[in-house]
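The two complexes that follow have chain A in common; it is paired with chain B in the first and with chain C in the second.
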Partner chain A sequence: MSADTALAAPRRHQSIDRRSFIGLLLVALPVFLVGWLIVFPIFSAVVGTIFVRGPDGATEFSLASYRFFFSDGYSLGNLWLTLWTTAVCGILLLAIGLPIALYLRFSQGRLAAYVQALAIFPMFVPSIILAYALIRTIGPNGTIDLLLNAAGLPKLRTPYLTPWGPVIGLVWDNLPLTVLMLTAGLSSVSNSAIEAARDVGAGPLRVFVSIILPRMGNSLLVTASFAVLGIFSAFTLPYVLGPASPEMMGPFMQRTFADMNDPLNAMTQAVITFALCLVFGIFYIRSIARNREARP
Partner chain B sequence: MRTAKPGTGLRFDWIGTLFACLLTLFIALPLIVVGTWAFTEVWRYPSVIPQQFGLRFWGQTLARSDVWDALLLSLRLTATVTVLSAVICLPAAYAFARMRFPGRNILFLSFLASHAFPKFGLLVAIAGIFLRLGLISTFWGVVLIQLVGTLMLMIWIPVAAFQNVDRRMEEAARDAGATPLRVFWSITLPQAAPTITAALLLTFVGTFYETEGAWLIGAPGIRTMPVLMISFINNQIVVQYGAVLSVMLWVPSFIALMFARRVIGTGAFARGFGA
Partner chain C sequence: MNRREFLITSSAAAGLLALPRFASAAAGTIDLYSGSDANIVDLWNNIIRPAFQKAHPEVALKVTDAGDNNGLRAIADRALAALKTKTDPQADLFEQFDPRLPAGGIDAGLWVKLSAENIEGYDHINPLAFDTSYSLPYRGSQVLLAYDTTKLDPKDAPKSWDQLTAWIKAHPGQFIYNRPDKGGSGSNFVRRAIHEVNGRDPKKFKVDNFTADYGAAALMPAWKILNDLAPSLYDKGAYTSGNTQSIQLLAQGVVTMVPVWSDQVLQAISQGVLPETTGLVQLGDLALCGGFSSITVFSNGANKDAALKLAAFMLTKDMQEAIITQIGGFPAISWDHISDDLRKKYADVIPSTIPTFPSGDWEKAINDGWYRNVAPGISRT
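== the complex of A and B ==
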């Protein structure tokens, strides 16, 4: 090793350390915000609902708020409604989103562009405007009723203020990301694999089951996880379009926290939603981490 | 990435037509309805079209002081959040895209944490902390909660922008003797700017319409535009007030979002959410 390189090596090492330090410094503030406003509140909610301050001011271990939740018929009714809504929306989103994504993957031209634009359009419409628009459309004496009446058909029982109201709103709202994520997943299915299957005589259904589905299993699960996490504690659409009782966990938590001024029980409800969605959350993060590793 | 079977161009696209019709009905109808209500003075059941069109309710809506208060507050809040988000996130995005430092991947992935939990549950957990800190019903409490909501978008999209900058141009400038700051200012930033602008627009519009945090943390003292709209819906006051607000506030933001469309179309956006 020459004298020059011997001198240069520690200097380079020092400069890498300085760059590492600058890098860490640049990311410090947002990382701190994530720690303070996401990780810490979750940790604090779990600890705060288990170690409760008693009337004498001393902190003691107690599961009373959880016992109350799981023995209270109203709370359980809300949880059941939330699970039902999430499952129905998840199934509907995949049932509607997958055929659209498949169509977009294998079609081109103006009609495909129009379908894509419409499917993505709800992303540009805020939930609150959607809620307002849906009340005027599917609500009592709304546009659907007007059109049915004009066609000489009887009125439909309105889904507004029933569990189907939030389902319609949430499917509308979540359709764009479902289609985008599934289309992104489908782009990993190569044309040559599909053409090879077609060459040996496979029909569209066979191509879908044997070629496409196995390759996008992960993408389907990520999309479903994302939808579940978003819908499980949705607030605006269930609050505006849904029934007052039972209500979904989002409005239930808001009412417990703000209207009933009962943070302990609201936090307990929040921790229960975390626990129920944990599997989806872990799956979601793990799959993204794996995707990133796979990418150069 | 799309491919067509040979000859499909000549055949009538039944499936596409079916999707187009169903989606038009499902997606466009509610929006057409709210748009029509905004320009309606009288529309009584069972008439399919309004009995009387007019702009009377625009004047009435714009004469309400609560509308102006909410609009100005929302604009102030959204501008504050967008500027803070840019100042905090853009340097971090540059660091994630270009620098190597310990824990880089884990820290980058940590920004997805907010998406790995049910959102409103997370907001309730944060509200519990803000209650102890006296941040409930304050301007800065709402700023903080909305800032957290913008982190992922303002880091993931600009990271992609910085990664897509042509490295050879930067190296050429450096070879010609430009300082690192000069290279960043004259080469890197102009190339990344369109995507970063799109991220800023998405952040601005997303924050303007953010309802859940603004209500949970802000009520009753902070009343943003979406929170005002919820009270219009709950209190069942004149239908047209909400319709006028929807059209008045949505059209400009829709135009702004159209400029950001390129980012959404590239797939980087979907990948940001884990596709």
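== the complex of A and C ==
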């Protein structure tokens, strides 16, 4: 061994150390922010709702706020409506998004580009603008009513101020992301696999069920988790388009916190909301992790 | 450390040092917070601010929309805490706030006591408008009923609560009001129902006389009345999410009558949002609540003197006339101090009395009580 290589070895080692140090430094800020702005508030909210400060200033263990939430018909009604809205929106999003994504994956040309542009368009409309636009179109005496009337058809019962109002708004608002994520997921289905299946005489349905769907499981799960997490905590659309009562958890929490000046119950509602969202968060993280492992 | 790393770290450090400076108010800038609707914030930004800065070029005015009354309460709480620690509350005055809040604020000396000594033009204020000596009334408005004269003849417009409820029941689906926590027009309709079951005596409700028992006794009968009305409202008991949405439903011809703020409805008619055929009526037995909006000035604000100048500026004839012409509000100074043309033009809407309802604990009890007792009565098919 010459003197040169003996000298070079520790130098290389040092530079790797420095690089990994900078790498750690780069991730330190986001990790710190997540810890400070997300993890710590979650723990403090959970602790704050369990260990309650009494009127005499002493802190004591109490589950009273949770007992209140789960025995209060009004709160449960709000939670139930939120779950219902989330489930209905999730199903509708997949039912509408999947055909669009399939079409975009397997067709080329100008029409497909227009469809894609149209599907992505809602992403650029802020939800408050969308809420007012929907009032004017699907609301009472709105555009749809006028068109029906002009065609001599009877009036439809408008979804405005009913639980279906926010559903329509939320589906429209979340559609672009759903379509984008499903299209990305579909790109993992190779053309040759489909052509091979067609060669042995598989029809479109057979191709979809046996070739496409098994390869889509992961992205369907990710898409559903994203949609659910967004819809569960939605605020603007349920607030403007939805009924006064029951209300979704977003407006309910805001009202309890600000109008009722009742941080304890608002925090309890937040912890319960978070616990439900956590389930979907875990689905998402597990599927991401599984994806990583599957990669060479 | 090489040059690039040095530049990054030093600029980050400089940025951190500069942070508190950005957060605190600049000297000579009055910080005004408003919890009112967009039309009022627009009035402040587009009319009052330029006029004030022309008259007083040495101070600037910054108008911040605090959202709603709860937003203002949070800032007031902060200012009270700042008063105790003798720090800058970073707020100088509120547009429309009840100085009885936060509790104990007046005793602690949070608000400037206003009088003819520190406010020029104080003696011009309409005697109807006075509330406390810690608030300076500067504009008035009242909740009225707006209706479509093509569907309801002005002769038949309801003039009393009984006529109104009878009309609502006789015309199902033609009336709607907004959720009481989302705007004054709906909340004052709810408050009118509360007045109705309590002998139509606004004096029974004070900001500090709320107790759970009194609240239950005073509010329960009102919930019964409103529940009874619910099936006759638009969509068998739907409630809009704000003042604007109610006006919108009236404009689209969906409903025939809604409660509205006088200033918002006059503005909507003048801008063509509502047609010229919109009729306005006030109940004769006891008017729907309304009131004068008042400015409150923080005693510990950094720009207290400039804030007092601004408060006095609002009582000048020009600004008071702007309130009438720009937003259709009532002036806070007596009509004698308004020019003759305007006085004649608005003779019909000059109020002789405006009932009010206190906020504070009553507001919480009414809002939550309404959501729990009235709103769930919706029959959804």
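Rule of thumb we're sticking to: the second predicted complex is superposed on the first by the 283 of 296 C-alpha atoms of A that agree within 3 Å, B and C clash if a C-alpha of one lies under 4 Å from a C-alpha of the other, contacts with A are read in each partner's own complex, and residues count from 1 in each chain.
We take it that a residue touches a chain if its C-beta (ideal position, glycine included) is under 8 Å from a C-beta of that chain, and two chains touch if they have at least 3 such contacts.
All values reported here derive from a predicted model rather than from experimental measurement.
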Simultaneous placement of chain C and chain B on chain A, clash or fit: clash
Broader residue contact with chain A after superposition on the shared chain, chain B or chain C: B
First, second, both or neither for A:260, with chain B first and chain C second: second
Which of chain B and chain C A:66 touches, first, second, both or neither: neither
First, second, both or neither for A:115, with chain B first and chain C second: first
First (chain B), second (chain C), both or neither touched by A:127: first
Touched partner set for A:281, first chain B, second chain C, both or neither: first
Contacts of A:20 with chain B and chain C, given as first, second, both or neither: first
Touching partner for A:74 - first (chain B), second (chain C), both, neither: second
Which superposed partner A:289 touches (first chain B, second chain C, both, neither): first
Chain B versus chain C as contact partner of A:239, first or second or both or neither: both
Identified clashing stretch of chain C versus chain B [20-28, 110-118, 146-154 or 236-244]: 236-244
Intersection of the chain A residues that touch chain B with those that touch chain C: 135, 141-142, 239-240, 258
Partner chain A, residues of chain C touching it in the complex: 68, 70-71, 179, 181, 234-235, 238-241, 245, 248-249, 252-254, 364, 367-368, 371-372, 375-376, 378, 380
Residues of chain A touching chain B in the complex: 16, 19-24, 26-27, 29-31, 33-34, 37-42, 44-45, 48, 99-100, 103-109, 111-112, 114-115, 118-137, 141-143, 145-147, 149-150, 172, 175, 177, 180-185, 187, 191, 219, 222-223, 226, 229-230, 232-236, 239-240, 249-250, 253-254, 257-258, 263, 266-267, 269-271, 273-274, 277, 281-282, 284-285, 287-289, 291-292
Complex contact set, residues of chain A against chain C: 74, 77, 135, 139-142, 158, 161-163, 239-240, 243-246, 255, 258-261
Chain B residues touching chain A - in the complex, by the definition given at the top: 1-5, 8-9, 13, 15-17, 19-20, 23-24, 26-31, 33-34, 37, 45-48, 88-89, 91-92, 94-96, 99-105, 107, 109-122, 124-129, 131, 144-145, 147-148, 151, 155, 209, 211-212, 215-216, 219, 226, 229-230, 233, 239, 242-243, 246, 249-250, 253-254, 257-258, 264, 267, 269-271, 273-275
